[in-house]
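There are two complexes below, and they share chain A, which is joined by chain B in the first and by chain C in the second.
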Partner chain A sequence: MTSALDRWNPLTPLAAAVAMVLAAFAGPQPYAPALVLALALLVAFASDIGLEVTALTMLVVLPTFALLVLLDAAFPEAGSAQRQWIPSRAGVLDALAISLRLGAAIAALGVIVTGVAPRRLTRALAARGLPAWAAYLVIASLEAVPDARRRAQDVIDAQRCRGVAVGKGTGVRGRLRVLPALAGPLIVGLVTESEERALALDARAFDPRAARTTLAPIADPEAEQWARRVIWLALAAVIAWRLWQFAQSLTIAT
Partner chain B sequence: MAVGVVRSALRVVCYPPVPLPARRPLPTLALALIPRAVALNLALGAVVGALKLPVYLDSVGTILVAVLAGPWAGIVTGIVSNSVLGLLVSPALFAFIPVAIVIGWLAGIAGRIGAFGSLAGAIAAGLVIGVAAALASAVIVIALMGGLTASGTGILTIAIRATLGVSVDSAAKIAAIATDALDKPLSCVLVYLVLERLPLRLSARFRTA
Partner chain C sequence: MSFPLFALWLRVRAIAYDGRVALRDVSLDVAPGEIVGIAGHVGAGKSTLALAAAGLLGRSVPATIDGTIVHPLGGRPPAAFVFANPSTQLTELGETVEEEVAVGPENQALDPPTIRRRVDDALARTSAMALAQRIPRELSGGELQRVALASALALDAPLLVLDEPTAQLDPEAAAQFASAVRALRDGGAAVLIVEQNLELLASLADRVLVLADGAVLAAGAPREVLGRDPPLDPRLGGLRAREHAPPVRASVERVPLLAVEGVSAGYGDREVLRDLSLAIGMGEVVAWIGRNGAGKTTLARTIMGLVEARSGRVRVGQTEIAAWPVHERARLVGLVFQDPRRQLFSRTVLEEATFGPRTLGVSRSSALAQAREALAVVGLDAREREHPGDLAPQLQRRLAIASALASRPQFLMLDEPTAGQDAEGRAYIRAALELQRSRGAAAVITHDLGFAQDACDHNVTITGGHVSHIGRISLETDLSRP
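On to the complex of A and B.
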């Protein structure tokens, strides 16, 4: 999938996302996470991935918020005037603060996950010094996942054809007994296949520490390099401000 | 010093030997196994879904690599596995990378001391890994999500809070231990069964690597 983020070096949106996540947690509450969430969703919609990022965020944030409010309503603090099954204002605000922080982090990282191709991101990281073995592991894992899922389905179908009872109606113990018959061939198959892959790597003299050259290098304009430096500086300022506040609170407490 | 020589009709070219790195970060066999183990962590979800079991089995690959190739390989598998999960499923899973590290490290230690030599040892290793992983994940859930996750474990936390009357933090820890105490021993038993059926030639290659 291509998005507007493909115009950038992947390291720039990654740096921005990491900085936004840290700022959401370290910045003034609840304004920092609210601002980060709004900014992340704005970038997502501007990059044509708004719906995906919103869905990804809401899938975690809404149930978390609902469960936290439910918890507050179901168990009022002993001795308080709060009636059971009616959430308190403080409880709702706490749930909102936690959900906002979580939503900000997921939305900021969701922009990277949805808008930047993992292979391109790994190549950009490799160009900045990510070891060859780490880059290989990420890319090979991403490529192995669809194949393993297809193989898992093949094993399930094959065992069904042989008469293995899969699914409900067999009881948990019965289904647990079937588990090795389904998982075993899948695991053994993947492990034995890895030997062939290892031979192929050795045959190509794969050196996990060697620096790689790339056929199509990803551009890293100077403006983007400066933008990343500014992002890191701003983040350092937020963290320093947070630490200073923490030190102040300790001084007041003593 | 050995020097490779290529003869042609016109000239003789001598190539200096390619120096191999003194210490490789991971043996090639482990490097080839880790992506398959990561894929296994995700693919077993299809098996669990088909059987409708109340477990995750999302660490079988990590435990397998840790036992076969050592704690360092287990830690790397855990990190890559949760990173790939974060990229493919939900960015919220990036937060649980420390849990995967704990699982990989402990499984590697268990493998080193020979816990996977017997079924009882594998179950005991699973229990220890399960409790450690549960405590690590509970700390993350409490710090980031207020003690509740948007999953069955979150509902279990509320149920424990209702029945036992403990605090949310304690309920989150109990719920995490309750789920992982079933999941991790089962994962370790699966790994033990696989190791029993693995060709001897292959397991010997891992030992020598």
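On to the complex of A and C.
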């Protein structure tokens, strides 16, 4: 997978995403999360991953918003004039604020998950000292689902060739009956495959504790290194400002 | 203790898995510039010896070793290993073939220019340069095996251990592979190769070691040891006689049983079968041969209904089955995949063989009878109470064939059934095909032209997704006739 983000060292968009998430939570509400959400979606659309990131964000934000409004309507605050099953204005605004923050975080991280190739990211992190086992863990986790899906399809194909009916029209009893024939080879296969993968890694001189190099080191131009420093500084400034605000509120309360 | 200049110095009294001795009293040295071959029947201990020689036993594979295994030339790792099944040696650390080949040198913490040089050199030596930017998971078995060899070569280890490396290769790719191995030997590499293809082994190895039941049966010059008549071990077999004549078949009734007419099929935008037509008569057993990626397996999957035909017709007898779902087609057609682990799930071998007929609605008593008959044909009747997972991979493959036979399809397709099989296993598979011949017809997808000559009436060569030749089996392109 390649995207416009591949022009950057993966650490730069990663730093930006982390900073945006923290800014969305620590910055002035609701402007900071709204700004972060807009910015993340803008970057996503500019990188040709806008639809995926928007879908991912909505998948989390809409149910969260609906659930929070439902909770507000179902459990009105004791002693308030709010009638049950009618959401209050404050409740809706709170739900919107929480959903907005969540949406900003999902969108910012979604840009990284969707737009940055995991192997590029782990190579960049390895160059910064990420141990081999951690890099492998990241990649294996990302590959686990497609691997299992591929193997499951292989098992389904093999059993269909033996007369097993799967899919629509098979009914609950039919599905339960064929479950062992489908789950058995899948589970055994996944276990066997992990053992074989360990052997394959061993045969290729993989040492989880040793440092690795890379065929194509990821370029890290000085401008990007400075950009990341600025991002971290800005982030530190936002956090310091929030801590100062918190300290002020404690002083006033005292 | 001092060692002569060997890449491998192995003195083993016993190697055991969970207390079960798999190999005993073996001495083996491999010097630089030498190819040593290992032969033996299924379960003889060949893979155990190969893993031990590569230094992988006791680490990734739990085993107890009583003896000494030394790699006097050192190296990290001291040996590179190529497995029989190429898909199991992908590390997944690389996204492209080039990156996958680079994994070894990256683990050796080499600098990028050295890694680049190693990768390019390994890909060139295995004729895999054109695959450099492909995604490994999308390659055919043969292409993947070349990538596996390239990945091993990129380690630049003093010893190269190959465990049945040509099982998935077409004859041309196997010949290229053999040339690459010879070139390595000539360049000073030490090579240990486990191979079931005795002709290939005899043409490659400088000397061979024959194992039987976990011990050394014989050692010496390949043609002398493997060419004995009668063979040293009937389970292993011997070299094919050059004057071997194809068997004469009794005339069979040529009623068309399977007809494929103008079928096109593929995956996504990629068209694999192009307007392919063929017919197979009642009582025929044919071999479908062709290069890796030619479309043989896709043809079988299309007949079975796993791949949808974009155009054309498929008939079994007078019945058009193109619109039938796969599980309905299973009443008429059977397909046994290369990897039997996709389907084995039962607690016993007998239950596994009974599953197909029971699923198709056969009564329990009839299903048991059909399963027992099929197991006897493939030589597994004495093991019907064992767990399928406890069988060797070659026996699991025979169990998968028995399971398909037990369902009694009219037309049966076997995908690379002889990969890794010894002479005994090949004889059982041939018997299975003869049983199928008496009931209908069969097709064998194979790169094993020797088996095709022995077991099949004629071959159908598939090239670029269509039938390019139909005729008698010829060994002209086989590795035994370089």
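Note that in this section the second predicted complex is superposed on the first by the 191 of 254 C-alpha atoms of A that agree within 3 Å, B and C clash if a C-alpha of one lies under 4 Å from a C-alpha of the other, contacts with A are read in each partner's own complex, and residues count from 1 in each chain.
Operating definition for what follows: contacts are C-beta pairs under 8 Å (C-beta built on N, C-alpha and C of every residue); 3 or more make two chains touch, one makes a residue touch a chain.
What you see is a predicted model, and the numbers here were worked out from it, not measured in a lab.
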Contacts of A:Ala247 with chain B and chain C, given as first, second, both or neither: neither
Which of chain B and chain C A:Leu67 touches, first, second, both or neither: first
Partner chain in contact with A:Ala140 - chain B first, chain C second, else both or neither: both
Partner chain(s) touched by A:Ala46 [first = chain B, second = chain C, both, neither]: neither
Touching partner for A:Pro180 - first (chain B), second (chain C), both, neither: both
Chain B versus chain C as contact partner of A:Phe206, first or second or both or neither: both
First (chain B), second (chain C), both or neither touched by A:Leu233: neither
Which superposed partner A:Arg197 touches (first chain B, second chain C, both, neither): both
First (chain B), second (chain C), both or neither touched by A:Ala38: neither
Chain C versus chain B, contacts on chain A by residue: B
Contact residues common to both interfaces of chain A (with chain B and with chain C): 136, 140, 143, 155, 166, 180, 183-184, 188, 192-193, 195, 197-198, 200-202, 205-207
Interfacial residue positions of chain A with respect to chain C in the complex: 117, 119, 132, 135-136, 139-140, 143, 150, 154-155, 157-166, 180-181, 183-185, 188-189, 192-193, 195-207, 210-217
Chain B - residues contacting chain A, complex: 18, 20-21, 24-26, 28-29, 31-40, 42-44, 46-47, 50-54, 57, 60, 64, 68, 76, 80-81, 83-84, 86-88, 90-92, 94-95, 144-146, 148-150, 154-155, 158, 161-162, 168, 186, 190, 193-194, 197-199, 202, 205
Residue numbers on chain A that touch chain B, as the complex places them: 56, 59-60, 62-64, 67-68, 70-71, 74-75, 94-95, 98, 101-102, 105-106, 109-110, 112-113, 118, 131, 133, 136-138, 140-145, 147-149, 151-153, 155-156, 166-168, 172, 175-176, 178-180, 182-184, 186-188, 190-195, 197-198, 200-202, 205-209
Chain A contact footprint on chain C (complex, rising order): 54, 56, 59-61, 76-77, 80-81, 83, 88-95, 98-99, 102-112, 115-116, 119, 137, 151-152, 155, 301, 304, 306, 325-327, 330-331, 334-335, 337, 339, 341-346, 355-356, 359-360, 389, 403-404, 407
